[in-house]
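Quick one: this structure, given as structure tokens, is what I'll be asking you about.
We just call them A, B, C, D, E and F in the order they show up, numbering each chain from 1.
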């Protein structure tokens, strides 16, 4: 009942000149946008459905339907997965068109490559599930406020962010970086946690609270690492080529070794190494490597 | 029109072995997940509907329908509340199954307890409304950019976060901690503000901007407290028992007394006390109690 | 299948006294809320539809339908824009009622003013599009991880936040501050980036990652400025009048000149000026103006 | 997953000339359509929602929610009815514009008249409910296959058709014939039973099976009448004025007195009277009045 | 954009007295409705979902998803069937409460009986599918306008009506007559064909066009029978007991033997037998048995 | 709140054997169904969207949006039509696979043919609109109960049936008989009127009430013909070839010349001609040609 509006025909918006001006504006940016080619974009909504479907296939009672039993569960998994993969293959095909070298590939070649990637993605799911189980167990062990696996799976944005990342990283690794980025951004919207799909992250990873966490494209994270909200694993400066243009993809983010804890708001920048077992305190600003077992904290505050 | 896909029957995903591997993976984690029992999980979507319904009953023209008048408003409140409570009772029942000691309770006992909790929750709503009105007034008084109550209620994520918290805290206090956590995480998703439902918060509470705020399980906050974005009221270290296992629920978060203001990005950790009337500056890292009336700011920056 | 509930008629919630108490509570706060008048609130959901429609009209293949061609695109733009404007005019009318001086305006006067504002908003769209194109190009140039315009438009929350801001700022400038704030808060929910619609922002603006960014009402930002996540451009203290009441709208946020970069977590407060070409380091707390070309970084950390 | 389509940009439909031709076609019929005026049409979908809302208010557990109890039912009725009437008043206002003499009425006058009609409609609902209860009881008494009131209310298209008719007839009587016709046609679509809203029908009316029943505008039906499928109460010839133009609204359909039964497929035409207590056999073609207590059957068949 | 309505608060509908009158009306009919008991009604919408699910399980590519292949089809069938049966069992439980003798049955007993009926229904599906295949083949053989099985399954209302009937008849036979009737009425709404679920119908049954067909509760139809639109197999008179009350369930509809064809509009009434291989012409009114091989046509027309 | 169900995991439906039996049943009918080929079926839901879109493009204010004005209407028509045609082309492609001779056609050939048919369909729309305008004017002239064009367009099932027919006939004529049949069956469901898309119907055609009307595949109807409910224009006997198999498509339905009126329930069968200007009375059974100007009525009834 909220959509009141003008009486019929009362308002003219002078659409004609606006539409003309928008067309002119589009035309002047067209070359920049598409190099003169029309490439159909992947759909954020469909990709989110795909990931929700895959999540439901991985953890049927938590992310699928809570009333499945041993008789019905495999049918659910099989059908849900099949629908998700049927949808995914079309999105992969669209995204491939944005890969360097495939702008002009034939439709059939692209479709075949999309099928092959989708099949490889499907085949990776059992291993991804094993990693995710290790992540959930790490959360249960690491947070005194957590009381059950169910709570970890339903109430922790970090769980969702890592789930999306492990799937996005797989898509990235299989050669669809654009689709992987889109998946990562969906997770960012859902959780406030921004992990580039290129980042490599070991087992038993736990992000608590999580809002504002940023993990860059070339970061490498070991096993049993724990991060808190607003931690940045970022780049310090951007490598450029001889002409000053950004070098895309060059290593520029930290390496965080096994068993490191980084507290809220810490900023770790550049291709430095945080040695195994170190603890980085809250709000710390770190731009140099630290040895294994280090304990870094911020300068003192003072009362005025 | 976005869902293009493979021609019918073209793609086989080799589902069989994947489904087998996922089943094996599920079976190996089953004991961890459910202690061998099947417990139906509460539904995030239904709980969100419940809270939206309760919000509409509390503030009918702001969160319900904007065209209610004095003739129609009580019917709306009554029906909306009844629907919300009918839905809530089922979710409470599911959540109770996750309470220690109730894993094996009888269905009838659980249903009776769920009804009793739901009734107590309903009975608390007028008091909760009074608190929320004090919160909105605090926002209007405390933010020079705020121009009306309507703006506070519709455009401030802090308002939504506090609304969810006061309802979640009530559920927590009444003995459904899992459901309370789920409500808190919905608010976290909506607002970027993460308040554990165990936290006790006095009247006239205001969070401005709010993204990245974290308030821990055992935090205690007085009246007329104001927080800005990215403030953490967290734990410094986690108490453990003699075996090194985390002590769940032990007091470990700050006590913030009346009339304190904490600026953006400040991190306050551990069971310390921030004395009444104190001001904590932006980005401050504070791990020791400060006396009433203190004014804490960060160390100086320097130009390089 | 998730909505189980009590058997029919089993549960009474003692609704009567609760509804009475809520009515009493509403009545005691009524004067505060509406000054005794009923003002229909704008709808968040409808406004979001309007902005999505306008976005689709501005960038038809990215935010509208990916399969448009040169024959069909102008029909799509025209129809989509017309629907959005027909919806917008009603929301403007509602919002105008919250403008000081219009609480008692006649319905016809309000409707006429709403049409005039909507028409001016529509006429501004080509210029807004040009600004947004400059923003996208700045992102492509400024982030080594970005590989295409499509990725910038679909996968960067900063793009969405700036898109919403440029539309909200236009509504703000045209005299509907409440509606502008609502648009800004929708963007905040979607992106974790909180830009007050009053802020004035030059061309080629880029926010990377973005979660936790706050830009205040009276901030002024030049051209080619780049911000990272959790940057605050806030107020240091709030000007008050002789009676100690907040002076709403007084200049109290920073001026950031052209070509400034501000890294993650930096907090810049008060009506200070960050000189052109300066760099502000991560987590810096800055409350005094800095000259053009400055390079400000945080105090050192120390290992313990 | 069904919406496959052409690759982006592949198909041009030569829209331009088609759109031009359709515009030309519209312009040539414009005078006929609207007498040069733009009149906003009532919405079939909204009217159906209105009737469903009113039905739910009349029979809350059958057409509303099956789990209402004595505590919650009046809130449901009040809120459901209020929503339905708020929607109805706008549709009445639109429909009034199609009444002779109101084509040029002022907006305020029309709105006032719409409110007055809606209020009268609301005030008639208790009497309409009493009639409908008599209809349901007649069905239960008259059909050996019926086993409960619930079955009559949920499984008999005749029940729905009579419910819609009694509401549509009320709208017709109150002076909104166009809206009444629209309601009647919705019922026709739902049930295959076509009752003109002008028809006057007494209590305890029962239509069994019902598909193909047609009851004309000026028909008058007494109490305790029973019809079977495919019965027509129609016009034999159409009265014309001196110029041969149809006289709209003149009495031309049958009068069916109390306690008449008309079997499947019978066709009763013209302003004739079927006397009280008569039985008209299946497939009978009747164009002359019959005395009370008559028993009319079809001519014999013969085997070939 | 169609839902315009009154300005906020403008309209009062005098709801109070209407709601009071409706309550009084409900209370006076309460005994009739429910014998003082509250029985939750089955849901038409849920039952329709159940039947659509079962249909999809029976004919996956026609009524489910057209892109299933031999790898995915059994997962689809299993999951779709499981969801449908999980929904069905709750509806059966509600419906059982309307069976004579079960008004006061215990909840657990009812649930157990519902499960048992649902399981038997599921077990009957392969046999039902075989019957439906025979029906489709009869249609293909019997209609010169039919060109493929796909056309029979997607474009013939008779196919849908018989599909619903065979499922409804199974529910009827298993002891849930109310639910069966509800299923039959859904089919009636969808197709204009009204088959009582009690009717017994042999294999290879075909109804062409179908609108207006009525088949009564105790009708018995042999194999390879073909009906056209508006055929009635009805009751002539209703048996009553000594008190004149209708005898519910007594045989009163025709027996139609194998290989009979009945043309459009024919009305066959009473417990008569239409002998094997007979043809009944269009619009015939038949109330006496005819021998096998008969050919019955209507009396001649005459030109006036 | 209606979907109650069994507690989690309580019910096993013995799915395994049922799924096996259904698979066996599918396999035994596979040859019949598809001649061993997988052909993706057109979608009823999508086709209905297409027709609704085309209807909105033809009559924008009646079937599209009631608030269009001369500035906005062509954008609406263009965009709506483009969307509809983009959807239609995919459905045409699927349907073509069911044409004799195209079962094995290449995908590219099929796509090209689908585009060509869709383009021809689009080009026919202005002529179809002209026919439909003549039909509406015939209704207004022919029914004394009709008071406006708007009423004819919104409240007469005959209008919808003829609209669907004229579009379906165009698809039929252009070589997609299966899709045309599907469109016709959608209209049948919506209106109870069953017109085979092969039937040829002249201008100014009007069906009043309409439920139960059947018009066969090879019927030919002149201009200014009027039909009432339950009229059948059917086949008397089906031509067979030398082997007794049905001859599909042979002329077997009536020719109805200009200015004929056929009243309710009349059945006209076989390749006979109803001469121009004739009137056929209600319930008449006609199997022989009648001369122009004839007036045919049923035999007399008798009172018993």
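Some points to look at:
By our rule, contacts are C-beta pairs under 8 Å (C-beta built on N, C-alpha and C of every residue); 3 or more make two chains touch, one makes a residue touch a chain.
Worth saying up front: this structure is predicted, and the values here are computed from it rather than measured.
Of all residue numbers that take part in the contact between subunit A and subunit B, under half occur on both sides, making this a different-residue interface. Taking the options A-C, C-F or A-F in turn, the interface that duplicates B-E in more than half of its contact pairs by residue number is A-F.
Distance from subunit C peaks, on a Cα-centroid basis, for E. With every chain reduced to the mean of its CA atoms, the largest distance from subunit D is reached by A.
As a whole-number value, the distance joining the C-alpha centres of subunit C and subunit D reads 49 Å.
If you average the CA atoms of subunit B and of subunit F, the two centres end up 56 Å from each other.
Work out the mean CA point of subunit E and of subunit F, and you get 24 Å between them.
Residues of subunit F in contact with at least two other chains: 1-11, 13-15, 38-40, 43, 66-67, 69, 71-72, 74-75, 77-78, 82, 86-87, 192, 211-212, 230, 265, 283, 298-299. On the subunit B side of its complex with subunit A, the touching residues are 2-6, 10-11, 13-15, 18-19, 21-26, 29, 32-34, 38-44, 65-67, 98, 177-178, 181-182, 184-185, 188-189, 192, 194, 196, 198, 211-212, 214, 216-217, 230, 232, 234-235, 238-239, 246-250, 252, 265, 267, 269, 283-286, 290, 294-299.
Residues 1-5, 67, 71-72, 74-80, 82, 86 of subunit E are the ones that touch subunit A when the two sit in their complex. Taken in their complex, subunit D has these residues touching subunit E: 1-2, 43, 45-46, 57-58, 60-62, 66-67, 69, 73-74, 77-78, 81-82, 85-87, 89-90, 111, 115, 118-119, 122-123, 125-126, 129-130, 133, 137, 141, 143-151, 154-157, 190-192, 209, 211-212, 228-230, 264-265, 281-283, 298-304.
Subunit B meets subunit E in the complex at residues 5-16, 66-72, 75.
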